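Below you'll find a set of structures to go through.
Next, two complexes with chain A in common: one pairs it with chain B, the other with chain C.
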Partner chain A sequence: MKFKQLGIFSKASVIWLCLVIFMVVFGQWIPLPQPTNFDIDAMGVGLFDSLKHPLGTDSNGYDLLSNVILGARPSMLISLISVGIGGLIGSTLGIISAYKRGKLDYVVNTLFNIVLSVPALVLGLALVAVLATNPDPNIEVPTSRRVVVIILSLTIVIIPVLGRIARGATLSWSNREFVVAARSMGMKDSQIIMKHIVPNVLPAIYAVAFLAIGVVIVVEGSLSLLGVGIVDGVSWGSMIARVRGDLEYAPHSMIVPVVVLALTVIACNQLGDVLRSQLDSREGRL
Partner chain B sequence: MAGSGKVHMRNTGNTVLSVEDLVVEFALSKKIAVQAVSGISFDLIQGETLSIVGESGCGKSTLGKAILSLLPVTSGSVMFAGSDMTKIDKEAVRNLRPQMQMIFQDPISSLDPRYTVRQLVSEPLEIWSRGSAEEQSVKVDELLNSVGIDPAIAGDRKAYEFSGGQCQRISIARSLALEPKLLICDEPVSALDVSIQAQILNLLQDMKERYGLTMVFISHDLSVVKAVSTRILVMYLGKVCEIATPDSLYDSPKHHYTYALVSSVPIPDPSKKVSRVILEGEPPSPVDPPSGCRFRTRCPAATELCATEEPQLRDMGGGNYVACHHPRD
Partner chain C sequence: MKSTEPLKRLAQLVLVVLGSTFLVSILIRLLPVGLEDIYVVNPDPAGRAREIRNLGLDLNPFAFYLRWLNGFIHGDFGSYVYPGPTFVPVSQYITRTLPVTLQLIFYVQIVALTISIPLGLLSAYKVGTRIDRFISNGLFIFSSIPSFVLALILAFYIGVKLGWVPPLGYAQPFCSAEDIDRANACGIREHFKLMVLPVVSLSVPLIASYTRLLRTDVIATLREDFVTMAASKGLSNQRILWTHVFRPSSITLFTSAALNMGGLIGGALVIETIFSIPGIGFEIALAIASRQYFALQAYIAIIAFGYVFFNVIVDLTIGRIDPRSRERRQ
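Then we have the complex of A and B:
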């Protein structure tokens, strides 16, 4: 599918995601004020009120634009890494168990269901509480360790989501006659999975992975809001968390990160949908 | 008709495939199992075409897949190329696969939509590393030409761009790439238009002569198998009813089920009056098949004996074997 053929919403989504990717890659070289620079002269500057702070500042005087741009990297990296690793593990498990069937499939599917039954936020809270807290409250837990624990818990959440998609798609594709034909030609199972199952299952996984990125960004933000995310760092989630008490007198400091987050999630959903409809039309031709 | 027995087996020196007492069960739950194929025996001599006919759900396709060890066999034996396919290990079965190939019912679904025609046809050659890349490419062109697909035009297109008949030609080319001895055709024409059916049947006949194939031809359509078969095996609920040469089967079917099937074949001549035998009822559930002869619940000639004793195949002369207590004259 070419860019020109996309609808206006999809085009906007592509453009927005390109902008986000630009922020992720080049954000740190853009000359911006320090994102956590306590600017006592400019607290709660409104939207577009000042040239120095185009998107305004929050009640701490933190520049919102630099927070948005520099926060893109942790937010996007956390979700991309956890969807990437979780998707890889989940699809591998899903594809192999669905192809082999039998006991392995039963065990894997049960595990998926168990993990799915735990709400993502509860799992995140529990893991952070166990793995990223210090018995001595006076010693700060390093942010890097928190990030790792957050990625870990989001990965665990993603594994069954994408795993079940991979499993379902594999179940339907492995019943196709070309898979039986490949076996009857003497192809080994590993070759069949790599040549005939994976290429056909991948589009379904991509489509859902795009949707999952959006969900994970929100969950990461929610964890921050609950105080277990990267609270003191720079991320979209932590921006929201930091200003949650200021909604009354500096509403824009909440609106800016929420809009950025929402646009990114909507763009991911939109592209996920485009991918999925592409997949459906090719199915329709069969 | 529940025929068991092996009187129809011939012990000649050039048997390609010999199936004895083949049983294939599928577990429905821990306690209940369905016998899709229950005790089928037949043999196949070099160059023959055995057609297996029967209504939907009688176990024809299961039988075809079980012969190729694509399904687990519950009991019985499948002798091919000197080894019992049901006893040897997976790798040994895999090594026999190039000698036995299968053509499937749905031509479009039997080709992976992600690959080009050339890639699909060369796939078996790649699996078994037959020849260099150039040799494989020459072979693929030759195969495609022989099934009436122009490799220059079609070779680099994907399979879903073709019609059902063309796809079936491509899968025939693919199945012949390894020059198998035995070709199992599982309803190869039932998904195609009638006009295309004849083309594909002719193509299969040509290929059979050209490559010296021995074929198993599975179909639910008696008018299709008439032209291609050396022998016809009629199945009902996983059992053999009758085995006969096409002429004797069409002219004087001995089994009441065969008779009903033959009388159902449409005759494309409106001036001819046909007397049809309409079978009553539905085929019984294979989960709980009738005692004795499995056809007795729908058979016009059924007696007490049919309920208590399973008929064995017996020689009716003229190459006709029937499993019935009260065969037709």
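Then we have the complex of A and C:
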């Protein structure tokens, strides 16, 4: 699929995600006010009101543009890493169990169902709360440990989501003629999986992985809002959580991170959707 | 085949409940801080040992789980434990908070379905036209806005700025003597006024996904022969859509609506916290924040149980909605 053939919505989504990735990679070298420095002369500056603070400041005088740009890194890294690892583990389990069928498939499918039976947010919240506790409740858990725990929890949440997709796709592909032919010619199972199953299952996984990134960004935001996310960092979710009470004095300080987060989720959903509909039409032609 | 299939399914669902409660049970024993350090503050060694035994913390994780399971089956959902030790049974919280959440979820589902069914039928009927594209794209954008974001924005603009409804709080639909005594907000009018914002913020993302599911299925059904037949008999389009097309197309929609119930509790958790509605989600967040892990275990067990319950409901009702699926399974 070429960029030119995409619809206007998808083009905008690709451009926006490229911009976000640019922020993730080069964010810290862009000459901007420090996100943690508050400007005492400019508290609650409105949107586009000042050249020094293009997106304004919140009621504490923190520069919103730099916060949004530097917030891209924790938000995106958490979701990319957890979807990446979760997807890898999940689809490996799903493909192998669906290919082997029988008892293994039953066990893996039951495990997926067990994890799915607890809503993602409740599971994430419970895992973070349990794993990131300190013996003394008055001492904050270090941010680095919190980030690791959050990634771990979200990975666990993602594994069955992508695993099920991989399992379903493998079930339908492993009965196709070319797979049966390969098996009858004595090809090894591991080779069949790598050569014939994986390339066919991957597009379905990519499509859902994009949707999953959107979900994870939202769950991370919700965790921050509930006070167990990255508390002192500057992820988009924690920005929203921090300015929650200031909506009356500086409404734009909430609107800015909200719009950025929503746009990213929209872009991920849109691309996931395009991939999925392409897949359907390819299946239709067969 | 025919008779063992439902049993197998049931066995798997029982395994799911056992598995998820077991994992939670293991999880709380894995805490970096031992549970005994959180709950047992008795300085006297003999008293301390007795309290630890009371909580079952001297047992190994498996025995600990079996003890919990035995209690759960017999209706003992565990307790909030406060230093002292004081025990407050979780069941008394559950009977208070679960109805509130179920009520909220029920409203959300009703609103989402009443809006998405006509929209889905319309956009499938007009597939490819400007109306279809408008509905699909519009809903797509709305569905991508996280519900907590929507909740915060609505609470501010509608609740605070415009002042049409109170921005947060909860009112019982029926006034009890206690409510009148304490001058709590209560009554049907107050109740619905306070429920508007939470319900809207939870149902908007659902409307989008429901409309979409229905649209896809309706498009497929419209190609069936019996639709052509009905049209050639001269039935009106309205009648064909509602009586002939809607029913066979609604399976995916109702399945996903039923399976969403569990996920909605997760969504309700954030929304209840934002609007301070005393439901089970709010209580879960509180239990986690105040380190009441025994209570957390009970809440998660109930949610997993609900997930399985709705799975069974779906299995039992699909055959009724579309008899064709019964044949296909056999």
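Throughout what follows, the second predicted complex is superposed on the first by the 286 of 286 C-alpha atoms of A that agree within 3 Å, B and C clash if a C-alpha of one lies under 4 Å from a C-alpha of the other, contacts with A are read in each partner's own complex, and residues count from 1 in each chain.
Keep this in mind: a contact is a pair of C-beta atoms (placed from the backbone, for glycine too) under 8 Å apart; a residue touches a chain by one contact, two chains touch by 3 or more.
Computed from a predicted structure; not experimentally measured.
After overlaying the two complexes on the shared chain, residue contacts for A:R176 are found with chain B alone; chain C is out of touch.
In the superposition on chain A, A:G221 makes contact with chain C only, while chain B stays out of contact range.
By the touch criterion stated above, A:P199 is placed in contact with chain B alone, chain C being left untouched. Contact with chain B, but none with chain C, is seen for A:G186 once the two complexes are overlaid on the shared chain. When the shared chain is aligned, chain C comes close enough to touch A:R244, but chain B does not. By the touch criterion stated above, A:V118 is placed in contact with chain C alone, chain B being left untouched.
One of chain B and chain C touches more residues of chain A, and that partner is C. Taken together, the two structures place no residue of chain A in contact with chain B in one case and with chain C in the other.
Against chain C, the residues of chain A that register as touching in their complex are 9, 106, 109-111, 113-122, 125-127, 129-131, 133-135, 137, 214, 218, 221-222, 225-228, 240, 244, 247-248, 251, 254-255, 258, 261-262, 265-266, 269-270, 273. If you check the complex, the residues on chain A that touch chain B are 176-178, 180-188, 191, 195-196, 199-200, 282, 285-286.
Interface residues of chain B facing chain A in the complex, by the touch rule stated above, are 65, 68, 70, 94-95, 97-98, 100-102, 104-106, 108-114, 123-124, 127-128, 160, 171, 174, 178.
By the touch criterion given at the top, residues 12, 15-17, 19-20, 23-24, 27-28, 30-33, 37, 137, 140-141, 143-146, 148-149, 152-153, 156, 160, 262-267, 269-270, 273-274, 284-285, 288-289, 291, 293, 296, 300, 303-304, 307-308 of chain C touch chain A in their complex.
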